[in-house]
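Naming follows writing order (A, B and C), and every chain is counted from residue 1.
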């Protein structure tokens, strides 16, 4: 189901304000001393965290209010969540930024909601955001699982090295890992 | 808290000078005794520091290399980023000391976020730093005018260039404007960028405020509350030629200025301002990248425990024999 | 980090001007799994004669330090101030300009302000001011002084084992302040009271005893090399010689032990073996000096010296003319900047001359050890080997400058020359992420352990991010490098952040492209993968 025209138009008009606020809240999870760097350094190679977040936020928002369902959102969301998954966040903190979007939107269009009466449409939008949150949670788990798999691989590689230490050489260890 | 502490310290120093210099009998103290003491501490302190640094040896040859090494003759090396001889090192140090090469590195920003023109704050750091330091140097040089009679030609030259625009009367020095702007920028930068505020200590704000006050009192004297320049020069020349005299009626502002300068001189050898002599001794910059061409000697290269081949073979002789590896002792 | 109960708008208002409620000195460190390495195994600490062997972990409240730990550390610091001018200068002249702040990969990837290089150094500087500087003694905290407490020790452990000694910050510092030097010296201080990590201590003990970090004994070493010789024969049809501990050989070849035991290092080893055979090099391997790397250099100058001593000792014993060194990062920092000072002069060796081309390696005339990339570049330039670039057509290659070869040696063009002569498809990553500005793999200096994985992923993000860019832009599927730690830790980094990018050594690419005399008809590279992939990546 798509977000109907009236709300859509409103949101397109408010896009930059909403996205800006959303990104701000997102970066607000980082220590204040680093925030300015994350927010202002625009070079995507000097500041991958800030870049990923600020470049993804707008695109995710576009797709959210757009008509077409596409998988871009998922990929973008994954990029963001992958970063959160290795930083010091609890799972809820890591995906919380998706829910934050609800508050930001409601806040930004608080006045207009009464005028144009789009409560139902808003509900649709919010359920879409809930969906995003589910995807974010899946991505978080996927990232964590990938981390654990990497960790297990490393431990395995090490234990075959340990076996070699005792003279019992397992020369196939390298073959195993590359398969 | 660090900012307030520094600001407070500066205010106390200014107040002390103001009150002290207002008492006529203390002219000698503020005009002669304190400046001499300050100069002595400044020179003595720097010499002490540099000697202290020099007595610690440079045990290892650890230049930070920032360009292609000199290796095979057909590979173009970068003699200033990876100098392989003394000339290269001199060039590298000159770039560093005169033009702040490493800070300038920050300006290289490519692949911007979309078509939007963006900038790195670090470029401004370079600009602020270089404007401040060069202005400071020129101002010091042109002050020699007050200390020397006759005035050397190069001092007059510097003076002429600095006052080139000939705006206002007395003529406006470009460096006066530049140094205050640069200092304001450097102070604001520390106050407004959170990560800089986080790392900044009182000892980062204090010298900025101090130099700002020196420049400000200097400017006030020149353009607003004019002092008796002839008398001031008499005092300065007297100090410089070790025949101190204390002329009357120079003006309190002058003594405040002089006291602040004395404070800076005393503060210098105990603070981060030591970066001025220190950079010349920094082993990552003042050594050539010729580590494999020439042996560097470490004076305290003490012996350490090693595992010799004999011990190694003793431990593994049987296994080595079995594997068909050659042995020193059968 | 913000509490979970704040509403977005409250948060937003909080962000604007929020400054830390307390200064950095009052925020004690918290050890979270995934962000630190486990403590050194007491058995190996004892074996290496290091102080205070015991069982403990960083998460324990009591670290069981010796009673006079404070005295030991302060005495140690005093001693080092007298022995290292670098330390004196770096303690005294930092102006906290902040140029280094955003240059550290750990800061970029974690956002933790104490990962700014200036802050890392301040952790030591604050103690230095408190106990060794006049201003600090008088003005205390106002002058940025802080007393050495157990919390400070914990903080040191946390943050100085979050520095990979990559020296990127030192390039940008106007005074060249070198955090790697400070990190190494603080690690020395910590080690004095028995605070160190197992990922360093155990390889050090292994290397001391068996000659290599992995603890492979001489017969195991021989098996490994023999196995590689067999495998190379099955791939190329050429049987190569790989002499071990051979007295009177012209050249001693030393490479990190991971090359003959890790993956994907192994394919680089195959490349070496093929190359040496093809040019008919008179060389030998050594079991005693079977490690190029030097984990001792991650923890103290003395251990660095102790492990490094084997190179010259073995060269002398075997009577070789000079030493050739394989692809490795920190090994080359030690060889280039420390070895001759620590264990030289190497007057029993000769100035290195390539026996194949007659080229004199002037830049190594005193240390008498040549980098394999210098050696091979010279071979190619003189037309001594035949390379078929098409054999790497399954690879779209980018090159990661390893920190130490780039910032300690300036070995920048040599590996690129090898790649360009071995591959048809080579793409550079963005300029501010390569050469002297290269980003670390995030796992160097002994931090490449699995328990530290989250921290490694954070630290490696800037590197991975640049690789991802060239992957998307040019279809890059192979990340070349000349460092054993890179080869071990970039694959997981790629797996996590990028996907679909293999990691390998430059001499693997050379080995792939090398046309050998008497080889069988070749269709696969050293990994057993076909030379050409159908439906290759289409340029945009």
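Everything that follows uses one rule, which is that a residue touches a chain if its C-beta (ideal position, glycine included) is under 8 Å from a C-beta of that chain, and two chains touch if they have at least 3 such contacts.
Fair warning: this is a prediction, and the values are worked out from it, not measured in the lab.
Chemist: Measuring from the mean of all protein Cα atoms shown, which chain centre lies nearest?
Modeler: Central chain: C.
Chemist: Look at all chain centres (mean of CA atoms) and spot the one farthest from the centre of chain B.
Modeler: Result for the farthest chain: A.
Chemist: Once you find the CA centre of chain A and the CA centre of chain C, what distance in Å lies between them?
Modeler: A distance of 31 Å separates the two centres.
Chemist: Measure off the straight-line distance from the CA centroid of chain A to the CA centroid of chain B, and report it in whole Å.
Modeler: Here the centre of chain B sits 45 Å away from the centre of chain A.
Chemist: Please list all residues of chain A that touch 2 or more other chains.
Modeler: Residues 32-35, 37, 41, 43-46, 167 of chain A touch two or more partner chains.
Chemist: For chain B, what residues touch not just one other chain but two or more?
Modeler: If we look for residues of chain B contacting two or more partner chains, we find 109-111, 193-195, 197-198, 319.
Chemist: What are the residue numbers in chain C that touch two or more other chains?
Modeler: In chain C, 19-20, 101-102, 113, 217, 219, 223, 430, 432 touch at least two other chains.
Chemist: Taking the touch rule as given, give the residues of chain B at its contact with chain A in the complex, in rising order.
Modeler: It is residues 109-113, 116, 118, 120-121, 193-195, 197-198, 319 of chain B that touch chain A.
Chemist: Could you list, by residue number, the parts of chain C that touch chain B in their complex?
Modeler: 19-20, 23-24, 49, 81-89, 92-99, 101-102, 113, 116, 118-119, 122, 133-135, 139, 142-144, 167, 170-178, 181, 208-209, 211, 217-219, 222-223, 244-247, 287-288, 301-303, 305-306, 309-310, 313-314, 317, 335-338, 340-342, 344-345, 359, 361-367, 369, 374, 377-378, 381, 406-414, 417, 430-432, 435-437
Chemist: Using the touch rule from the top, collect the residues of chain A that touch chain C in their complex.
Modeler: Within the complex, chain A touches chain C at residues 21, 24-25, 27-35, 37-38, 41, 43-49, 52, 82-83, 86-89, 92-93, 96, 100, 103-104, 107, 143, 146-147, 150-151, 153-155, 157-158, 161-162, 164-165, 167, 169, 171, 173-175, 177-178.
Chemist: Name, in rising order, each residue of chain B that touches chain C in their complex.
Modeler: Contacts found on chain B: 1-2, 5, 49, 52-72, 74-78, 81-82, 84, 96, 100, 102-103, 105-106, 108-111, 122, 125, 129, 193-204, 270-272, 274-275, 278-279, 281-285, 289-298, 300-302, 304-309, 312-313, 315-316, 319-320, 322-326, 328.
Chemist: Per the contact definition, I'd like the list of chain C residues that touch chain A in the complex.
Modeler: Contact set of chain C toward chain A: 1-2, 4, 7-9, 11-12, 14-15, 18-20, 32, 34-35, 101-102, 107-113, 206, 210, 214-217, 219-220, 223-224, 227, 261-264, 266, 430, 432-433, 449-450, 453-454, 457-458, 461-462, 465-466, 469, 492, 495-497, 527.
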